[in-house]
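Same chain, two partners: chain A is paired with chain B first, then with chain C.
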Partner chain A sequence: MSIDINCIAVIGKQNNPLYIKNYSSSHPDLKYHYIAHTAIDVIEERVLNNPKLTDAYLGLLYAMEDLAVYGFMTNTRVKIILVIAVTDNVIKDADIKAIFTKVHSAYVSHVCNPFHNLDQDFVASKRFSNAVDHIGQQNSRATIDV
Partner chain B sequence: MSFLSPTTSSIFGGSGNEDGSAATGHGGMLVNESCLDFLMMELVDAMCRTAIDEDTDREVIFYKLEMLGYRVGQSLVERFTVDRPRFTDTLDVVKFICKDLWVIMFKKQVDNLKTNHRGVYVLQDNNFRWFMRMSTDIGGTDSSSKATPYLWFPCGVIRGALANLGVSSVVMAETSNLPQCKYFLSLSQQSQCRSRAFPSGTFQIKIAKS
Partner chain C sequence: MSSSTAAKQYKSLGDDVWKNKVEKINAELFTLTYGSLVVQLIKDYEDYAEVNKQLDKMGYNIGQRLIEDFLARSNIGRCTEFRETAEVISKVGFKMFLNITPNITNWTPDFKEFSLLLEENPLAEFVELPDDAVEGGLWYSNILCGVLRGALEMVQMQVEAHFITDTVRGDETTELRVKLIRFLEEEVPVGED
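And then the complex of A and B:
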């Protein structure tokens, strides 16, 4: 039931990285940068090939040896990437969607901050960082307790 | 800013939810319409008052009000497209502006939308909410020209909303007889809503030294 989140990445509309945070100790940060980069290509391919698909949640993008990458694209072309460790448990779509919704609402709250400028470099506010950390670590902490 | 229940007010989603829960669309905090009316009155008046020379500074006032509206439009769209399915094309985006965004800001939809299908759209509002209580003694063109600065903030909101949805545009507005106003949108032909291949390799990796 508990999902082990390894990384949460937020990518902007120009495909520029906005926020990438690593929650696992198993892989270095650079690996998640590469994963997020390849995820952009997969997302673009999915969106171009399925114009009828109007859901923001894009599902499982691709899987590697021990990692599964899920994608989410908002109406404002901001992409959220979630990398989780593959376990034997069945992972429900609804759980992943819930995580994406939480990250999205943290992002929306951050954008509405009047000190944040959408056209300049992204500076993660403390509230945004804390909110995303709470999402990322909550799930991994649950597995440690159990 | 007072936060009244959504039944008595509308316009402008609040941005101050303490936890991340349900900060989507109309579930968030809203702003009293009277507050917005008073703010707009003072905003336009302050801009006009601080203009040094009436004629040349009309451009400056336009620019300032429009840029304020631009930022507001970007945030509004970010917040109010949360649970919506993705937009299929540019017309869909403009329809969203006419219906949903106008309802959020002015509690009504745009009355008439015309397009030449080449990127030019005309939005007509026959009973613009901010003009409903405005009039001058002389009436006619005098009241129209005095009311025009109030249209520049919504111009910015529209442009910001379009920009954040991936459509770059130029928005102008005019009013001829007072409660009625028209917005002219010219959208650039290249927008992200259309399919086009993105070259990979535009990603810039910044690695923090640990």
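And then the complex of A and C:
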């Protein structure tokens, strides 16, 4: 499986950006900021229309040009956005869910740090960045190891 | 070698006590409790050296009480020499209370000082010190130094314990140095304030 992850974004409950990282070289960072904002709007719309929505995994939010945006929202209203490059391969839901679970665990480990200020805007922890980078790069570009 | 059979003996005693005689609680709860304790101390005192001292004092109080529990559960007799004490601390003491067995290294030639190398530290799970805490010289797990000091004082040994390195600060290892000052013979220990 070689999913090209272009961007991973973590948004807080007040829709404040906590962490945005761009893994692709094809688009500038700002574009992913816009994409993340649009994704938040789509999530809110979905949540308003489906009050009975119980699953954290929100599936494909929307697609544009060559990018597909997937969403995940926890009960604490922390949202994770995943932007991937659309390829010819069929993308399995299970794979995307696995990626979200990994990012979520990295976020949980980070929150457990007693020195982390929950009202703070941006997540500046090196350990969290490294963990998310590992997830992002593991899945992007070269998966030549057969 | 008699010391290695003694070590094995202590190891199996430690494992046995941990498995059968000790009540357990959730690790995350413990870690988060200790973490908020340290953060609150930092907020209250605003001085990292003072926080280290307070953690040591708290540990001292805990150690004085913990030793009774330890002796009751493990049924261990008196240690004949400091080397034995080190083994017991590592394989039975730490095992019983934190389920870790730190390695004993760096003995001085007169066997009065040794280091405990902690491969993992349940107190500092998930913790990442902010830069000013590292610069200010905070020893996150300093409570352990106090515990050792308090517990050993109750069995007539005056020791001094301090951290040398800590992975939470970005070092490679977590090393706790323990030094025997003297044996307390027939003396009423001086009360802490």
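Everything that follows uses one rule, which is that the second predicted complex is superposed on the first by the 139 of 146 C-alpha atoms of A that agree within 3 Å, B and C clash if a C-alpha of one lies under 4 Å from a C-alpha of the other, contacts with A are read in each partner's own complex, and residues count from 1 in each chain.
Heads up, the rule we're going with is that a contact is a pair of C-beta atoms (placed from the backbone, for glycine too) under 8 Å apart; a residue touches a chain by one contact, two chains touch by 3 or more.
These numbers were taken from a predicted model, which means no experiment stands behind them.
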Touch check for A:13: first (chain B), second (chain C), both, or neither? first
For A:87, using the defined touch cut-off, is the partner it touches chain B, chain C, both, or neither? Pick first, second, both or neither. neither
Which of the two partners, first being chain B and second being chain C, lies in contact with A:51: first, second, both, or neither? first
Going by the contact rule set out at the top, does A:125 touch chain B (first), chain C (second), both, or neither? second
Please indicate which partner A:112 is in contact with in the superposed arrangement: first for chain B, second for chain C, both, or neither. both
On chain A, which partner's contacts cover more residues, chain B's or chain C's? B
With the two structures laid over each other on chain A, which partner does A:75 touch: chain B (first), chain C (second), both, or neither? first
Hey, what residues of chain A end up touching chain B and chain C alike? 109, 112-114
The residues of chain C that touch chain A in their complex are 28, 31-32, 35-36, 38-39, 125-130, 133
Could you list, by residue number, the parts of chain A that touch chain B in their complex? 13-17, 29-30, 33, 36-37, 40-41, 44, 48, 51, 53-56, 73-77, 102, 104-109, 111-114, 118, 131, 134-135
Chain B - residues contacting chain A, complex: 13, 15, 17, 20-24, 71, 74-75, 77-79, 81-82, 84-88, 164-166, 192, 195, 197-198, 200, 202-208, 210
Residue ranges of chain A in contact with chain C within the complex: 109-110, 112-116, 125-127
